[in-house]
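Every chain is named by a letter (A, B, C and D) in the order it is written, and numbering of its residues begins at 1.
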Amino acid sequence: MSGATSISYDDVVAWINTFAATIRAQKDYLTALDSAIGDADHGINMDRGMQAAIAKLPGLPARDVGAAFKSVGMTLVSTVGGASGPLYGTFFLQFGTATAGRESIGVDDVNRALDAAIAGIQRLGKAEAGDKTMLDALLPARDALHAAAESGASLEEALARMAEAAEQGMLATTPLVARKGRASYLGERSAGHQDPGATSSYLLLKAAADTWSGSASGEAPG
Amino acid sequence: MSGATSISYDDVVAWINTFAATIRAQKDYLTALDSAIGDADHGINMDRGMQAAIAKLPGLPARDVGAAFKSVGMTLVSTVGGASGPLYGTFFLQFGTATAGRESIGVDDVNRALDAAIAGIQRLGKAEAGDKTMLDALLPARDALHAAAESGASLEEALARMAEAAEQGMLATTPLVARKGRASYLGERSAGHQDPGATSSYLLLKAAADTWSGSASGEAPG
Amino acid sequence: MKKLINAPESAVDEELAGMVAAHGDLIRVIEPNVVVRVDAPRQGKVGVISGGGSGHEPMHGGYVGMGMLDAACPGAVFTSPVPDQMLAATTAVNGGAGVLHIVKNYTGDIMNFELAAEMARAEGIEVSSVVIADDVAVKDSLYTAGRRGVGGTVLAEKIVGAAAEAGADLATVTALCQKVQDNVRSMGMALTSCTVPAAGKPTFELGEDEMEIGIGIHGEPGRTRMKLATADEITEMLAMPILDDLPFRQGDSVLAFVNGMGGTPLMELYIVFNKLSQILKGRGVSIGRSFVGNWITSLEMAGCSITLLRLDDELTRFWDAPVKTPALRWGI
Amino acid sequence: MKKLINAPESAVDEELAGMVAAHGDLIRVIEPNVVVRVDAPRQGKVGVISGGGSGHEPMHGGYVGMGMLDAACPGAVFTSPVPDQMLAATTAVNGGAGVLHIVKNYTGDIMNFELAAEMARAEGIEVSSVVIADDVAVKDSLYTAGRRGVGGTVLAEKIVGAAAEAGADLATVTALCQKVQDNVRSMGMALTSCTVPAAGKPTFELGEDEMEIGIGIHGEPGRTRMKLATADEITEMLAMPILDDLPFRQGDSVLAFVNGMGGTPLMELYIVFNKLSQILKGRGVSIGRSFVGNWITSLEMAGCSITLLRLDDELTRFWDAPVKTPALRWGI
């Protein structure tokens, strides 16, 4: 979407659908990551939730971006359980609040929504950078998006930098010793494994970058 | 014991000790046989019983062959359990009754004792030839001993033929479908496996032949 | 072999010591390895004893106490106990009204209990025996040692124990036990083998996609090995031969007992129970009482068995009667 | 993966259907997957609810009934339930006297229960929560999510349930639950991993001669992997950190709870109990009450945990009080 500056309702739906498809494809991988330092359910949890979430999207009444995000958030809270349910639920609920009533959104909206989503996750889970959680993908991604927006990068470029930072953040969780979530019980043994939640968070932001690049406003890809 | 015609108290004790040592050496083998068509305890059961039996022998008051056999029989009944406990217990108790009060015994005594022992086993377990039990080693062995005695074979020769027949009987249990004991639950699947009880019975008679050949009356081998 | 034991030789002894440490208010252990109800013998009460190899816990030691067994004789793992144990048990619980031996139909158990009964009678104690043989997986009893005693044993011990507690005499208690035997049928299956501690390796090997149908409770292989099936299919395979055997008829009320072999999570037993309840409904058989859990096991074997007991008022009443044992307790 | 299931997706639903088929006199199941005591809500009685991932059976659903829980929320296997379940449970059991949430200390459970409590309060229901965090294997709570809630949860549910049954108000029930939490410590170990049905393979791999010490109840690996040891050594490794932590002192009376992780035979649990009783004796701690069995499990995992609760008259009285649930029953 070179040059595009706005993300339509359909783009948003496409993001959600792409993320759900990615989760389905990576379900076993995410669960395997969770086997190493958790309880072997992260892929299963996320897949259950995202399948339920996309099933509800076609039935939504208005082309309200915020309402779509809120529906996803509420569905995740109601179907995922575990740690990721409330956390990803909050992510989307906050995204929804930040974009309530909008038919399309721009990079600034994404910036503000991501800020709010991360703040919500931190309020709930009380984790910080370096605790080896999804925040280790989300926080650097937010910073990269902020920086890109400030430097006047295109939407496509900004999203690409965000996804790139999320990937780096995800990879950087490997050596960390977990201080939050189930992996923290392992102490030193949690080091040497990539965090499952950071991985799904990277996939989430990567799905946004992929879906919204090359899609002109109002055109859902694939 | 070329030419020897009599088996002393010490020979009897030597037989019991040899059998106990053989069982110990073959414990895992017997248990493995019992794994295939039973419940994986025959070697363990027999070893528990024979160790208890030989521990009692030195403490027996008189050099009474019958009393030694009875002690073994009672100890087996009291320590083995399962099917083999009462059956081998009966074997030795009957052996004891048939040789009560004797300081030494001859081939005729062994013949009669074996008859009584087998009768006792059949009274208790109600099995017949071909049921795939210890009787399939004991019955042909008894017949061979009878025939050898009638044909005037030496004690050594008679015992050798008895052990040889027991071995053949044991090997012949392999194709049989079990009709008694735990193996019978397997139906056709019991075919193709050698019976553990027939194997321990062969070892018992083989121990007699080995111990009593080459041992002169009153001299314990080894 | 991975087990929480110190040595195979001492496992049963230490287990019994642990049981006494945990349940000294209910049971004590006397030589040679007999679990006895703490207040036995009770004058004028029929004694009820049972026994069998260890490795089936909580059966039998866990069922000793008020309203169930007066004593239990645990043998070595999967090995019938010895007559000395049954004799000691019989003597310890004899309150002058005689003693019932509940015997599971295995060659070893039968012979050892028979020897013990003879010895006890020689000591002047009135003894009767009932043989439990409820496993429909064993066919053609002409060509086998006959049906094995499995899940029905637990139900018999509970029901008969209640009758003895209520003061029934030996003939009545014996007849009641026979009535349970006549109205109970079981069948079991395994997903995995178990490992006898002293043997150190699994009794049999099963492929990742295989199961054994028609197993007993001693880790012995079953009649058929087949491809793994769903819980619903397995429940059908176990329930149908049971239902057809007695046969259970439309209008019957049953005690439905889904048992785990030791290594099966309760979740799975309830999934089996769910299907069983549908099958029974389809046959017009109602579930009068339910019993779900690991009650007669084969060490850590994964698998299950189904037992159905046709109920009448008498059996139901004694099943419901108070019981207080280490493993089973209600009404008190 | 060998399990008695039809499909991983339907396992929990079918399990609950099976529970209702078996125990319809005690429990019912309402949407979305909440096990509710059949006579709830009871006017004027404080409601006590708990919940957590499935796979720990009989916890929690097996503990719903008279004298224990009013409702339980089973999540997917090893996954905390969702707030909708806790809200439905809270609403279903609210008899006007408020509802206590007994929450095990896991990030997911805490957050989901918090969301539910907020929603329930918004509906005008008084809700209090107590977090159970008794696992001494988790150290340095500054650098972790804090101690896990394990075996102490079962004891809390029983004791608090009895108090609520006896008519205690929400503040009293809440304080009692906190008192249990303050006086209970646990630690567990695994000989084998378990397999989450939907994952299809073991959560971790252990060598034939290895064990995990300090595991939780979700098949998560423990703090240390080490060479297999004897039951006595393992019991020491679990008991010592527990005894030192509170610390338990000479003269204390405890409820000693030896728990199986699902795939461990009772025989082995009693062997552990035997050693535990010796260790306690050596410390001058007496065993006031005993509890042995597979009460809080990790599917078919082999292993055990030890829980010690320091008793006083109040805790003992409520522990002894009648209870009638699918899994735990006495006194009635």
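One rule holds in what follows: a contact is a pair of C-beta atoms (placed from the backbone, for glycine too) under 8 Å apart; a residue touches a chain by one contact, two chains touch by 3 or more.
Because the structure is predicted, anything quoted here is derived from the model rather than measured.
If you take subunit B and subunit C together, no chain is in touch with both. Hopping across touching chains, the smallest step count from subunit A to subunit C is 2. Between subunit A and subunit B, the centres computed from C-alpha atoms are 76 Å apart.
For the pair subunit B and subunit D, the distance between mean C-alpha positions equals 55 Å.
Measuring from the averaged C-alpha position of subunit A to that of subunit D gives a distance of 33 Å. Note on chain placement: the centre of subunit C and the centre of subunit D lie 29 Å apart, centres being C-alpha means.
Residue positions of subunit A in touch with at least two other chains are not found.
In subunit C, there is no position where the chain touches two or more neighbouring chains simultaneously. Interchain contacts link the chains end to end along an open line, per the touch definition above.
Chain pairs that touch, as defined above: A-D, B-C, C-D. Of all residues in subunit D, only 2-7, 11-12, 14-19, 21-23, 54-55, 57-58, 62, 191-192, 208, 211, 228, 230-232, 234, 256, 258, 262-275, 277, 287, 290, 292-294, 297, 299-300, 302-304, 324, 326-327, 329-332 touch subunit C in the complex they form. Those residues of subunit A whose C-beta lies close enough to touch subunit D in the complex are 31, 35-41, 44-45, 48, 77-87, 124-125, 177-182, 184-187, 189. On subunit C, the positions that touch subunit B within their shared complex are 32, 53, 75-84, 106-108, 111-112, 114-115, 137-140, 143-145, 148, 196, 198-199, 201, 203-204, 214, 216, 218-221, 223.
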